[in-house]
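In what follows, subunit A forms one complex with subunit B and a second complex with subunit C.
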Partner chain A sequence: MLRRAGFIAAKDLRLSVGGGQGLVQAMLLGLLLIFLFSLSRPTGELVSGQAAGAIFWLASAFGLVLVFNDLFSLEEGQGCRLGLLSSPVPEHAVWLGKGLAGFALLVISQAVFLPAAAVFLGQDIQGSWGVLILALIGVDWGLAALGALLGALAQGQGARESLFSVILFPLLLPVLLGGIRIFAGVFSGDAASDQGLWAGIIVAFDAVFTAAGAFLFPFLYTGEE
Partner chain B sequence: MGARADSQNPPPVRADLRADIRADIRADIRRVGKFFGSRLVLREVSAQVHAGEALLVVGGNGAGKTTLLKIMAGLCRPTAGEIDLRVAPEDCAYLGHATFLYPRLSAAANLTFWARMYGQTPAREELEAVLSRVGLARVIDEPAGTFSRGMAQRLNLARVFLIKPQLVFLDEPGTGLDPASQELLRREIENLKKAGAGVVWVSHHLTADLPHAESVLFLKDAGAAYFGPASGFDGGDLTC
Partner chain C sequence: MSNIRILSALTLIALIVGQWFIWAYAPLEETMGLVQKIFYIHMPLAWWALVSFFVVFAASIRHLMTRSAGSDILAGAAAEIGVLLSGLALVSGSIWGRAAWNVWWTWDPRLTTTLIMWFVYAGYLVLRGSSAGGGMGGERRAMVSAVLGVVAFLDVPLVFYSARIWRSVHPAVLASQGGGLEPEMWHTVLVNLAAFGLLWLTLLWARYSLGRAEERAQALLLHGSPDAQGGQAGQGGQA
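Now for the complex of A and B:
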């Protein structure tokens, strides 16, 4: 199963990066958000670490929607979803493949968002890079696990994008809040006392989202037309 | 001769086609029924598919042909009845209207991806050979999105050959193909049969496809109006 998930992820990355749709759109939207928020900063004032963290993760969350809409639309054009379902590939491998591809695309987007946040929002990494990277990986895993699950729910729907966003954002709140809090500490250099608590929440919700994705994805993806 | 049945009762099945008589059975469906909401689509349909033979599934629009095929291929759950596929999932292939192609991937990359989904890792020579069979060797590195409908369906056919299936589900595979491509399709279906594959073939081209089938399942009014040898099928009230 892992091998086939890897092939699906590799194919998705090749198509998404080469096609320049989901990834490029996610990057542009995220950069636009960061830039627009930077304009709201009063002249001579700094954006707080908390606000910068919130803007960074907001850009990531919107990017996530575009990335997963693109990843699932890859299977719809020529009936490839039917091809996957009629093949011996376990549905879990599709979920894992989509999740891995989405995770990679999200990290690529954030590699652009982070310096953009530093430049436009006047932030510097005062805290530990290790904490920042671990928080990034932890939150991104939760986002990707849930994005890959709900992307399947929204596929083929007329109002796919809006449906996806409406369902996704409320569920993502715990991990997003965790990411915002930890990033606030890393940007400001003040290691908040509740960082460990938020890290625990992120890990717990990662586990919940992963279990929910692994369990529910086959039901959503194989839904009768 | 085949057996006729009205829409209320399932037809009797020829003794020499019964699962307990023949050992080379690839798929056996028994009294399959399907509702979509409150609408009855299939009622107590039974049929078998054997190695090296094609079962032609015919009927008017909305007769339930595609639904039956999807049920057999595991893409749709039946409301009632049993499906007994006697081949491994890796040995089943589905070919329908949709070409299952990624337009931005080359012909070779598309075939490689689908082969990997079936647990195979084909060499370049194998890809060239299978594309030669369908007349696409010269465009092996071209993106599938540049192909015509006929070329895309030929590539889809190549995907099925590459898998080397023992059970093939065909849902009107000739739709949109020119006469030469349709002839190629029928020839290759014969080759699949010679290789031992059982073929379930939904078709609207009764006159052209009947000579290539060993048995016929005629669906009418949600039920099986005929199931038996192709030689005994008089076309029902189908006019195509």
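Now for the complex of A and C:
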């Protein structure tokens, strides 16, 4: 199954990077958000680490919506979804493949958001890079697990992409709060004392929604229109 | 139909008794005065909202296992009532907060969890309603709603716990309310909890029967069975 999930992920990544619009849109929207939020900073004053963390993760959440909308729209034309469903690839592998591809695209777009946060919001990585990268991976994992599950909502003619974000954002709150809190510590240099608790929440979120995604995805991803 | 009338009558009586307990039986709280009485309405609302969300979860799991239309209708009915009750709980909680702590809103874990759940289930209702605009077909909509009903409830403990940690570092505006209630106050709380429970049951039952009737009407419309007796109470829904 892992190998097949790898095929799906590789196919999606090739399509998204070469010619797909999701990644570019996600990057542009995220950059725009970071820039617009930087306008709220009064001249000569600094943005707090927590505000910068919140803006960074908000940009990532919007990027996530665009990335997964794009990933699931790849199979909407010419009955490709039916083809995928009737191939020997199990639905779980589709979920895992989409999740992996979404994770990779999210990380790529964040590689742009992070310097943008440094430039527009005047932030510096004063804490540990290791903590930052671990938190990034942990939070992105949770975002991708839930995004890959609920992204399948957008399948078929009845798809309402705007609905996806309305449903997704409140569900993401625990893991986003964790990301914001840890990033605030990394930006400002004084690590929060409750970092361990937040790491626990992020891991719990990842575990719950990875299991839920694997179990529930086959119910969502069907041949129906 | 008569059952629901009896239940409605009982609910009305229970609510009146509950009001009597609030205004005549429970003593006036020393520091907060009259405003404290919001609590007797606020708590049952929040409680039964959470129960509604649990019903959505249980009915959604049942729908995923059995694909029965009944559990889908039950989940929809419970979600509507849950959003209504949690919305009212938020409003009453906000008024309480303004009077007691001088802020309309505070990062209290329970308040925050209620608000986030309100958002999630409002989105759930929008999703359910999306079939009306010519979007998803009925069967698919039911399945998608069931998946969301499960995912949403799994999020509740995580939201609550994260809101709690967030607050512990943020400047807390208030300490959590102590549990020093007088016995009379406890009686009032329990009576109102039961009265609102009856109200909840009545609403759920009414909405569920309405959903069932809607489903029957739709089946008749689609299959055009002429043997319907024209009455809303007709049982011939196997068209």
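Going forward, the second predicted complex is superposed on the first by the 218 of 225 C-alpha atoms of A that agree within 3 Å, B and C clash if a C-alpha of one lies under 4 Å from a C-alpha of the other, contacts with A are read in each partner's own complex, and residues count from 1 in each chain.
Definition applied: a contact is a pair of C-beta atoms (placed from the backbone, for glycine too) under 8 Å apart; a residue touches a chain by one contact, two chains touch by 3 or more.
Here the structure is a predicted model, which is why all the values come from computation and not from measurement.
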(message) After the superposition on A, what does A:Gly185 contact: first (subunit B), second (subunit C), both or neither?
(response) neither
(message) Just to be sure I read the superposition right, which of the two partners does A:Gly77 touch: subunit B = first, subunit C = second, or both, or neither?
(response) first
(request) May I ask you to decide whether A:Ser86 touches subunit B, subunit C, both, or neither, giving the answer as first, second, both or neither? (result) first
(request) Check whether A:Gly147 is in contact with subunit B, with subunit C, with both or with neither, and answer first, second, both or neither. (result) neither
(request) For A:Gly138, select first, second, both or neither according to whether it touches subunit B, subunit C, the two together, or no partner. (result) neither
(request) With the two complexes superposed on chain A, say which partner A:Phe7 touches: subunit B (first), subunit C (second), both, or neither. (result) first
(message) Under the stated touch criterion, name the partner, subunit B or subunit C, that contacts more residues in subunit A.
(response) C
(request) Return the residues of subunit A at which the contacts from subunit B and from subunit C coincide. (result) 222, 224
(message) If we count contacts the way the header does, which residues on subunit C are in touch with subunit A in the complex?
(response) 64, 116, 119-120, 123-124, 126-127, 130-131, 134-137, 139-141, 143-144, 146-148, 150-152, 154-155, 158-159, 161-163, 165-166, 168-169
(request) Enumerate the contact residues on subunit A facing subunit B in the complex. (result) 4, 7, 11, 14-15, 18-19, 74, 77-80, 82-89, 222, 224
(message) Give the list of subunit A residues in touch with subunit C in this complex.
(response) 146, 149-150, 153, 156-160, 163, 166-167, 169-171, 173-174, 177-178, 181, 192-194, 197-198, 201, 204-205, 208-209, 212, 216, 219-220, 222, 224-225
(request) Would you tell me which residues of subunit B are touching subunit A in their complex? (result) 73-77, 88-90, 92-94, 96-105, 113-114, 116-119, 152, 169
